[in-house]
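Structures are listed in the sections that come next.
Each of the two complexes below includes chain A, the first together with chain B, the second together with chain C.
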Partner chain A sequence: MTDNPNAASVIQLGGRPPIWRNAAVLKWTVQFAVLIAVLGVFWFLIAEARTNLSAKGIPVGYDWLDDPANFQLAEGIQTVDSPERRLTMSRALWVGMVNTLRIAALGIIFATIIGVIVGISRLSKNYVARRFSSVYVETLRNIPVLVQIILWLAILGSLGKLTADTGPIPGWIIISQKGISLPRVFLADGFYQFVSLLIVLSIGIRFISRSWRRRQEREGGDQRVGLKTFGLFVVAVVVSWIANPVMGFLGPIFDAISDGWGAIPQGLMQTLLSVVAIGAAVAWIKRFLNSRRTPAGMAKLIDDDWFRMVFAGVASLIGVWVLWRGWPGLSSWMVNSGSDFWGVLGDKFGDGRGAMPFDAMRPTLSEGRFVNYGDTGLTLTVFYAALFLGLVFYTSSFIAEIVRGGILAVPAGQSEAAAALGLNRSQALRKVVLPQAFRVIMPPLGNQYLNITKNTSLGIAVGFSEIVQVGQTVYNKNSQTLAVFSIYMIFYLACSLTISLVVNSVNRRLAIVER
Partner chain B sequence: MSEITAPIETRPEEPSHTAGRWIRDNLFSSVSNTIQTVVFSAIVLGLLRWILGQVFSEDADWSSVATNLRLLMSYNYPTEQFVRIWVAAAAIFLMLGLSLGAWGIDPGFSVRRSARTLISTGVFALVVRLLLPSSTPDAIAMAMIVIGVVAIVIGGVVMRAVPKSSDRRVSFTAALGVMVGLVLAVVWLVPFGSYGVAEGERYAVPGVTVASSTKVPWTIVLLLVFFAQILGRRLGVSVGSVIRRSIVAFWVIGPAFIIFLVLRDPSFDWAHVWSTDVPMAAAFALGGGALLYALGRPGRDDLARVVGALLLALALFHWVAAFFGWYPMLQKARISFLLIALAVLLVPTFAGERSARVRFAGAWVGFMVVLHWLITGINTPSTLEISAPPFLGGLVLTVGIAYYVMLVSFPLGVLLSLARTSKMPIFRVMSTTYIEVIRGVPLITVLFFFSIMLPLFLPRGMGISDLAAVFAGYTVFSAAYMAENIRGGLQSVRRGQYEAADALGLTTVQRTTLIVLPQALRVSIPNLVGQAIATFKETSLIAIVGGFDLLRIANSTIPNQPDFLGQKRPGLLFISLVYFVVAYTMSKSSQRLEARLQAGQAR
Partner chain C sequence: MSIADQALTDDLAARRDMIVCRGVKKWFGDFQALRGVDVTVKDREVMVVLGPSGSGKSTLIRCINRLEVHQEGDIVVDGVELTNDTRNIEKIRSEVGMVFQQFNLFPHLTVLDNITLAPIWVRKKAKAEAERTAMELLERVGIPEQAAKFPGQLSGGQQQRVAIARSLAMEPKIMLFDEPTSALDPEMIAEVLDVMKDLARGGMTMMVVTHEMGFAREVADRLVFMESGDVVEVGTPEHFFTNPKEERTKLFLSQIL
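Then we have the complex of A and B:
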């Protein structure tokens, strides 16, 4: 640096650099410039889309959600278009979401079971088991899941014709080229009261179980706490099954909350939200300043710190502007939908609710076809089966690899120590190796669960009515593409968040407790 | 290099046992082991029988695949122009062979292991013969027996001839030669039956080999691979780094040339090219290069900044002028002006001694040449006559889309991952939001969004082809995953590296490009290969949004042909095999690469 000919531009110690050489100023200028450019591009694109849409006479918004759907859903729960429950667009989308979650949940369970079995047998001492598992994994994970799904559809299409007594148990289980039908269990009127009573009882059981556990730790020995707790829980289920009408008193309470919520004036909601926004900014700035405090007093704030604080303030002010000027409807929407939510809950507990939490039905056929609507069994169309088989086998091959990696990550000394303690191979696996392997397995496993949920969207290729397929039908009808895509995004982001929350909390529980 | 390419397999050869002892140890050592043997054997045999039943079932017409092979590979490319496809394929295979040789790829096939593989293949073929359903053609059943017996006999002879302790290896050239020979023998000798279209009529002649128009080009292409590998090995020893760099350059920009070769009609307006395009490219490349070289001399930093600012102002003025329509100018000239201004602004970062300046100016010249050539190529209309448009399709589309998506999303992913790990809060938040939102939604919604919404977002009068929209969506999607993979690498770069770079007085750009990224990318190579495999597999989703890729052809084009109504299973099984072969090869070589990288890291 000493022979730098631009020595004149070397900054004097203690002085401030000129503004065009101040790193903090430059950094923030560039950031704001890029932010504004990105926002500008978005604004331009949305403006273009709006003009293009209004040129075609398509209104922008969500008002169409209450329109009648005018199309039939191939499968799903409560798809009947009856006078008391119209099949509106929003209801159709809801059915799609339920279908997605239904196949995702079932797929997750089965893929995990198969994956764990295959993953463990890849490490088996047995040659046939080892080879079979590795061929299974290599084959299934290298063929695209969509190709597998469509191949399954083609294979299932060559099954036997549909009659009332096709399948292993005539009248109860039907398996044919049109699909699979099983007896169905569904939620009946008493379900919500049943669940709420069960929750109340479970809290009590938790206290009892904890005291048992404490006693066991005090006195030692195996007092079968887990078994006894489970027994109590079974009793609680039976009790809530019989006594669920007790909880009917919740209905009026929820109705009252709903009325109270609906009575909040818009101005109050806006003020509350603004207070939250400004409060958050103030709290952040306070915490930030606290973090800069040293024992010797306040640290000198550099330009970068000032920019951060100003940015937090500006962000909260923008939030306030949106609440009062930019989108005043947001507050009243929150008031209304909050009130609706409590109202719906109130209805679920309302008077005249029956005593049965669940009910069941057998598959029925009429005119040689499955009855799609009304009182019938749980019909899994051939599309559902194809999607399900494709997803389960594809994902199980990845889960198998994850399980194998997790087990290999447990040091060999652990299973040797288990053997030295006299545990046999399966005990060592269950009590020593797998619990430790779970720590390694859990994060990538959560990723695979997320992948299954996202891959259900491939149902569109086989015509399974999941959210993307229903959404496509909707926007083909009314051209509300932008709104439908926003619904997709919110739904899938909610799924991702839920799964990662669950996985993270499990992870925290599994984490090694350090001294 | 050579000691790294030596076998990674360090597991000692198992102590020699008799076959009976091996069976007892591995299959029936305990009760649970015996149960496993029985259960899994039953599953394996049942599955194999079921799969064979699907493949050779009575209603599966495999001539639907044989007749449509060309459709599956390259869709509707005009027959009389097909030589261009062969030239392109020859170029790719030539470079493949050169690459294999130049990097000294040698998986190290042990002779004894290969013989053992041969024997188990033979046993497998015989088992398959036993499980074949009755509807199988006799020729295939016979072939299974022949393959099984020949493989077992050869494997057994080799096993006897080579002593147990021997670690003799088959050289890769010989292995490649055997593979090429086998494929050639199959192409020339096996009577597949000939299928094709002549004067609009589909014809089928059973019991003859592939048509000469196919087997002669295949012979040339395969021999090219073989000899290019030998040549590459020689060159890799004598001029290693030069040849390896040229090959990398080919793999980055070569496919663009190949697309040009395949899509563009050679009889376009050469006059315009020579009078305008070439001089302009030369002016920008050479003039810009000279300017960069001159300004890069040490001590000219401030001059470079002033010149850069002036050029930037000039370039922006051209765009303003274009907006108001003051004077005409070719768009690529405007783009080039903007780029040279940005390059001049970067000069102080890369300035230094002569070699550094030469490199920077050279990079500019190369970049300009490729850019101008690409723009010229895009602006030159294709005059190929297509009988049924879209004519890009089949395996070519699948591989092409996957390749370009990876290529384009790579720089995007690097930028996003740098932004996500940067200390600048707005960049970090923006990049994190982008990555998490894209990773949270399924690919198919992104593809739908782009193919439906992109035309709506564009100003009126501007259009975009379906395939381009889908490509854009796929790139946007892939960039988010790429960013996460590279972020993993960035986080593995230790703090000391940053501090050392700072202590050397490097600027942020220099620190990132010269110190941090090379280390981070090296670490993330295995993940990137994994993503490449995933990208390749997921191109099958293009079938849903309207592209004629492998899946679409097998699932809807072929079953709709009058000769093969409803024939889905053979096509789908065939493309499953194609996907499997490509993806499996990639994943195997990535495992090998990973092992090599780890060996390189070990001290």
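Then we have the complex of A and C:
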């Protein structure tokens, strides 16, 4: 400072500002205050709900999850209670979740396929294709999805009645106003051996294919690497199908791991997890310090940096406290469930298994007062079909617009440059236009995937057994409305976050380097 | 016509026709962009196309590799006539390189991948060989150290040089330049023009739309002046810059020089 000729004109504010003017201190204080306030509000609401529910004689908590359901589900992986497989409340909710996931996943796939085709046709040079897709989009996106779903239900309800000889192929494919039933393929005892052997062989194929690809790059020409790799893969599937029992040796290994895992004393587990928690904090601080390192040496750490490092340390210490004092059951739960997991896996590879990886059953009809589908076939009820068709067509019209917009967002100069280089139309589309359109398409496409997942809750309008409909049945029976809604929220949040995670990671990979 | 001009004209007349346009007409809706253009570019000739904006210069060279479709007249490129036959179009496009005003590099690919894309997918070259050629071309345009970067990381002049290398990778017989320096900062124009001069000295047949009169005077074998979709005057640089015949040419040159 003394060497600075302008020192006289610099207003000296002192080395450090007082605490109430320090931006870093203020920032962190406010953030902590808000965090504590939010947690406080939640705490208050939960406590309030507990008192009021107890006053009404409704038990608080999630113990009711193990109660028997005492109701039947219209469809799903388990519909009725039986002595071998009890249908508890938690099991019923799980069936609902699986139904939701099934329709969401299938809906996402079909809506994407239809949407991409329609979106590209809207840009087609063919007049008929262009007009048809315009009408498709404008009609479907302007009618509320609920109306479309109920309309589909009405249309499907006008199909023929279900009798013993309903076709088109009685005993194999049955279509009626109750839905469609097909032969069902299911995973048989040999499935896990089959998959593990296939994985081992696929790793080998990957190496071979890579050496072929390198040769193609060296020598040029078209050596049909893709075709040859696919051929090898088909051979691998056949080999795994026949030879899958050889993987039976994994069973005892998994059992041994299960025993070893189960033998971990609680104290050891707590110690290990504590080491992980503290190690994570130390690693984070180390990385943080590394990022502050410049070629000229360590950058001066500002207050904000110190707050971050202290926060990381405190968070890991809280974690350790939770492990030993707050919730010691967590460690023993991890010991037990880990052991269970490996045990179940060991079971799957156990002796006497290793037969066919898949098996199939024909649909049957249950004879009662009313004829209905039995549970051997793959049955899609009209409720499923109505919800599925409504969601797929509605969402595909939005996806079509997103695809069209994404392609139009690529400057015309790009396809001109590709054409001027001699690339034909399909090469230009695949190598130049679509890779660039994708980065425009991905974020709004992710939104549509979130929408389709959340809109499956409209199944309640047509009586499809998805999570909301099942949950409603549950809280109508036991009045656990808040608890059921907390399960809804966690479930949908998990779905949405998973989709966002996937979409964001794809997006990062597609991002264009600008500078 | 001076003696030197006469000698050049005789020399050109003896060479093979690379691009022949006969009575080329083109409409955009009601607007007629080309009103019957007759131009012939000879082998190893550098032809510069001049004219005010909207005179149809860009439309003409975009018709030559069928980025625009002409409605009347014939265009013959290296003996192949441009028709709706996709095989002819593909053959011509792979023999004719084009450099755009806006570079039109593929932003999602690295510089090296930009250059090797067409040789690998159109010429079915081996990747290693295509990359070797690409590196030689980058040496030639003076930016081998930028091979692994993305277009967005380069300056305008560097991007345009990559675009030239990308066209050259297809080993074209003819290069078309559509105002290659118009989108560049003044200090970057020279580096692109140097590459183009180098190319011209190497005997490439070139058709260049540009406003760079220095380049036209130094490099061009012949100049074409266009206005409102018509070819007004064709001649050597000496003829153009000393005693142009047409009034419209004189007016244009007086405004631009």
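General observations
To be clear about the criterion, the second predicted complex is superposed on the first by the 347 of 515 C-alpha atoms of A that agree within 3 Å, B and C clash if a C-alpha of one lies under 4 Å from a C-alpha of the other, contacts with A are read in each partner's own complex, and residues count from 1 in each chain.
Definition applied: contacts are C-beta pairs under 8 Å (C-beta built on N, C-alpha and C of every residue); 3 or more make two chains touch, one makes a residue touch a chain.
Source: prediction; values computed, not measured.
With both complexes superposed, B is the one of chain B and chain C in contact with more chain A residues.
Of the two partner chains, neither chain B nor chain C is touched by A:V474. Touch criterion met: A:G413 reaches chain C, while chain B stays clear of it.
In the superposition on chain A, contact of A:A281 is made with neither chain B nor chain C.
In the superposition on chain A, contact is made by A:Q436 with chain C only, not with chain B. Look at A:L45: by the touch rule set out above, it reaches chain B but stays clear of chain C.
Once the two complexes are laid over each other on the shared chain, residue contacts for A:K125 go to chain B alone; chain C is not touched. Residues 216-222, 411, 413-414, 416-424, 427, 431-432, 435-436, 439, 510, 512-515 of chain A are the ones touching chain C in the complex. For chain A in complex with chain B, the touching residues are 1, 5-6, 9, 27, 30-32, 34-35, 38, 45-46, 48-49, 51-53, 55, 121, 124-129, 132, 138-139, 142-148, 150-151, 154-155, 157-158, 308, 311, 454-455, 457-458, 460-461, 468, 472, 475, 481-482, 485, 488-489, 492-493, 496.
Residues 65, 67, 86, 90, 93-94, 96-98, 100, 102, 104-108, 117-118, 121-122, 124-129, 149-150, 152-153, 163, 166-167, 170 of chain C are the ones touching chain A in the complex.
Across the complex, chain A is touched by residues 26-27, 29, 33, 36-37, 40-41, 43-44, 54, 57, 59, 299, 301-302, 424-427, 430, 437, 439-445, 448-449, 452-453, 456-460, 505, 533, 537-538, 540-541, 543-544, 551, 555, 568-569, 572-573, 575-576, 579-580, 583-584, 587 of chain B.
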